[in-house]
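Naming follows writing order (A, B, C and D), and every chain is counted from residue 1.
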Amino acid sequence: MTVRIAVAGASGYAGGELLRLLLAHPEVEIGALTAGGNAGAPLLAHQPHLLPLADRVLEETTPEVLAGHDVVFLALPHGHSAALAAQLGDDVLVVDCGADHRLTDAAAWQRWYGGEHAGSWPYGLPELPGHREALRGAKRIAVPGCYPTVSSLALAPAIGLVEPEVTVVAVSGTSGAGKAPKANLLGSEVMGSLSAYGVGGAHRHTPEITQNLSAVAGRPVKVSFTPVLAPLPRGILATCTATLADGVDAARVRAAYQAAYADEPFVHLLPEGHWPTTGAVLGSNAVQLQVTTDPDLNRLVVVAAIDNLAKGTAGAAVQCANLALGLPETTGLSTIGVAP
Amino acid sequence: MTVRIAVAGASGYAGGELLRLLLAHPEVEIGALTAGGNAGAPLLAHQPHLLPLADRVLEETTPEVLAGHDVVFLALPHGHSAALAAQLGDDVLVVDCGADHRLTDAAAWQRWYGGEHAGSWPYGLPELPGHREALRGAKRIAVPGCYPTVSSLALAPAIGLVEPEVTVVAVSGTSGAGKAPKANLLGSEVMGSLSAYGVGGAHRHTPEITQNLSAVAGRPVKVSFTPVLAPLPRGILATCTATLADGVDAARVRAAYQAAYADEPFVHLLPEGHWPTTGAVLGSNAVQLQVTTDPDLNRLVVVAAIDNLAKGTAGAAVQCANLALGLPETTGLSTIGVAP
Amino acid sequence: MTVRIAVAGASGYAGGELLRLLLAHPEVEIGALTAGGNAGAPLLAHQPHLLPLADRVLEETTPEVLAGHDVVFLALPHGHSAALAAQLGDDVLVVDCGADHRLTDAAAWQRWYGGEHAGSWPYGLPELPGHREALRGAKRIAVPGCYPTVSSLALAPAIGLVEPEVTVVAVSGTSGAGKAPKANLLGSEVMGSLSAYGVGGAHRHTPEITQNLSAVAGRPVKVSFTPVLAPLPRGILATCTATLADGVDAARVRAAYQAAYADEPFVHLLPEGHWPTTGAVLGSNAVQLQVTTDPDLNRLVVVAAIDNLAKGTAGAAVQCANLALGLPETTGLSTIGVAP
Amino acid sequence: MTVRIAVAGASGYAGGELLRLLLAHPEVEIGALTAGGNAGAPLLAHQPHLLPLADRVLEETTPEVLAGHDVVFLALPHGHSAALAAQLGDDVLVVDCGADHRLTDAAAWQRWYGGEHAGSWPYGLPELPGHREALRGAKRIAVPGCYPTVSSLALAPAIGLVEPEVTVVAVSGTSGAGKAPKANLLGSEVMGSLSAYGVGGAHRHTPEITQNLSAVAGRPVKVSFTPVLAPLPRGILATCTATLADGVDAARVRAAYQAAYADEPFVHLLPEGHWPTTGAVLGSNAVQLQVTTDPDLNRLVVVAAIDNLAKGTAGAAVQCANLALGLPETTGLSTIGVAP
């Protein structure tokens, strides 16, 4: 089986990571690579690490250029996916790395993103209960945000074992903020400094985490979410806490996590005494997590690590495309990090 | 007034930062510089940034060498301070950067550090209610831990306005872990990676934060504390959350912080819309903080930044020594960071 | 003596560093702070580390706003200084951190910068032979480039002892490239990567190094200069090599460096066996250097470290202003680095 | 074909990188993993990024444990390889990542490493003239040092076109210094700082570069080599310069590099105007290089980038093992970097 794919937004970080993974995918043939303002430039100028594609030139992101592929990956700024997808044909698998189709609630969309809600697509987090089946054979997939991925996987097995109010502080590298030049993302600013942003529930990923955990719970779960920017290119480490429900102890929590992820190829509950680091998942599709309880507070603490560009974006996109195409879910993906 | 000072532990990070600050202190004459295993070496080999002291040689840390100074700063591993201080004379001001005399509760000491409790000394966080007076004229001072400093200052004004259970996730640079070589602190390990440690209330700074906040509250406050190690040498950014008490709104919270710190020379509540970064306090004795509430959760969120070696250790030591000596509290200290 | 100063370009890195140093300068009163596109913004938004100036607002960079100061520091993009300085009055000390007045040769200016040569001003590297006297009482000063500063100080004492062709590879942090957002300077790009630029004599600092060394030699010195960008905000480490002249040995070289810098307050030849690091000079006006010879090649090797924003820009500006104003040259400046 | 391999020194950086690459090698079965002081520990404790081997335990490095494999990779401290290899049988392919068998000249060995010379093995840099053939079917292979790899590949095509004295300044990440804890390699020391070491021809890789280039030249080539340590885990960027021989121009130089590497799968001369970065080769076996001439000096400048752990160590080891085993040289290796 050879699947012909295109990547729209191939000059950015998500696009580059998609191509890095797809170059190692045995069933894929890489077709059109498109961009907005960077159209016309050699790919090498924007993705110098992708030597096998060094002679490619970026084309314009248009429906015509993207036509004729089995799968189109969209790595575009928010708000650009719906119109483009509408012109790609219902038989084409469209995998959207942007936010346009993640939220099911139109009011939530309006509040957090503004503008008209483009509707929701099957949500690309197969490890969440009920999601894998919806992805098999799907033709439209909304890839989750990076923070919602790590936070939801860290907390989903605890739903029912904790009070429905959770706290997430997620420390992230800078690539999640994208490649558009901004003064606060300059190396001189981020190296040697830590900063919080979107504090007080002000980050757009908050409603997505809330949506995921509430769906698992079958009732509203409140999410206190604070992202922190740290000086590294890739990786998110999320520290998640919640008050244990009455009568729940550490053993029961651990058993729940073991049961939830025993058969998951990418989510790894570490042996007791080992703690996740983002360095260990760099470049891989793995999620590493550890869970414990704080005896003095009757509180659950989960720490989880992902690579925001891999499992947090492009790896999830490939994983879901595999499901949609009927390929083994792990095809072309790895759980081996690049460390140190 | 010329105060003759000695630094025990002058080859480490806390010792180096003490010397950096004391070199800029107008009332200080730097006397003996001592070390353990590094005794006999030129200071330049361990503190190459302290050029004005380039011709100094490290002496043995003994009571004899430390005798004859007005102030002795101890920057020693835990457990070494009490015996040494006992031999220094009651008229000498001893400022201990270690943990030995921070906890007032002997049982807590035993649980977290083991061994016999050496007793507690006046606690060197003048900005906490009631502490400044106890430091004036003191002859023994316990400098707080770096995490307790930032966490306690971030949350103290909220005590009474929030439920007595707080969550702190504090991201830190590596210098707080000291200069003793360990594989997990190698540059190759920490650059490009994030890791949590001491999770589930397992970090020794937890009881110290608990002690501080409970003292302010006049009743037990529970503290969920998780430290995260990030790739930078200096700086701690703490994200602190707690459920607001009934009827408390954002304006009342903000007013409480403004009142608490309006006259403090080193603690700065930033104007609304500005968020702290550790880069902005690098090398300075300043604390920058911002406070908000999460409307969906009825929750307080405070973010605070310090330099762990400055306000978190050596700057606090100098600030407290100023108080103890009757000097203006800010002598030799700065609120200007070294950025970018 | 109170000197009233203004800083044009106060929202950038050079401007911020000037203010950081001037806040610690005992003879200075800080007047107007101006900017281009950032005029109207609070200084805090751009320089959050300068808390004592937190209530200042950036004004427009105009002759009117800059009028009425004893000293005006210009930290502007190339090409903006000459016209502005012409409107500031001959009695005002103008210290230009930009390149406009560094090169004495109009043809060289045209080749490297284009446009009309604005003429040359006294060159602000007092440690170069003959330069200190020209700076005393000067009313116009051209602050050297950061690479020329470290390279010229590293090699000047060797002139006459080596063949007149030198090789400089200077590794630099990112702040020298400024605060204007560019994709290649994003944290995601620079962290975890090294890159060379301006290779093959293509960097504009090459003619400035050449000018300095040729002036010392009294004949043309050829300079092979390659800058390398490394993942740190501040610091330049230059490795400089040249073939020893006939009959010159290591002892004679060392003696020349000792003689050249014995009385210099900011340039430190380290004891044998110690090598410079940029971390040791971070935030300080110091230059640390070491010199050796390679016995197999009859070649001199000098390694020198500076902070590009301090001695490399703003520190030099203050040092030269001190000279011009008749103040002690070291006023307000430090040789103590902020490490680790 | 299934090749059964063992790795001695599996807890270190070179050992970890070997395993990362071998896990992706289609013809390999991973057998014994051994260590010195870390024997008995789970591999996960030392290589948390190698999840597929998470249940492996490190065994003692003994001939008995290493027996019964087709290939044994040695990633041991210097001086340990010869005795061990002697006990492994002549039919076993032994690939030594250490220095023991790199130098052909016993006197050079004695001068630089001390002790008795263990003899030389076929040198694992297939891209150097004459080396590939010697590696086909070899049973003993000496993997080059990381600095010699990048320097030799950067300069070999220029031999004959430049004067026989070259200058190399190579900036490196920290992983090349290994995982043994040392104070100067702590994250707190290396982040935010640059340092030179082994200056003046004092680094042990100098004679290896000299040996390689002299062999290409057929006469002695003198090498001025200075390594610089920079704050990143992986990557070496080498800047190499030499005086052009009479009558050699830029076009002729470029043609020589194109000819030398046109058919090499891992060495990429970039198109004009593109410059190598280490980020672009991170995790890959690629070498990226660019060449230019400095018109004012009649001088060649070559910049080359590698990942010191991949092409600089473990990637070269796998590449050479492929050659020795008769497999396609590129099996299991990639030219795709992990960026950003």
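The rule is simple: contacts are C-beta pairs under 8 Å (C-beta built on N, C-alpha and C of every residue); 3 or more make two chains touch, one makes a residue touch a chain.
This structure is a prediction, so every number in the text was calculated from the model and none was measured.
Between B-D and B-C, more C-beta contact pairs join the chains of B-C. With centres defined by CA atoms alone, the chain at the far end from chain C is A. Spacing of chain B relative to chain C, judged by their CA centroids, is 35 angstrom. Chain B and chain D have centres, each the mean of its CA atoms, that are 44 Å apart. Among the residues of chain B, those touching two or more other chains are numbered 13, 175, 186, 188-189, 191-192, 231-234, 277, 279-280, 282, 339-340.
Residues 13, 16, 20, 23-24, 42, 44-45, 47-52, 54, 175, 191-192, 233-234, 268, 270-271, 274, 277, 279-284, 286, 288, 334-340 of chain B are the ones that touch chain C when the two sit in their complex. Here chain D touches chain C in the complex through residues 165, 167, 169, 171, 186, 188-189, 191-197, 199-201, 206, 222-224, 226, 228, 230-237, 239, 241, 275-280, 282, 290, 292-297, 299, 301, 303, 305, 339-340, going by the rule given at the top.
Taken in their complex, chain D has these residues touching chain B: 13, 173-175, 177, 179-183, 185-192, 231-233.
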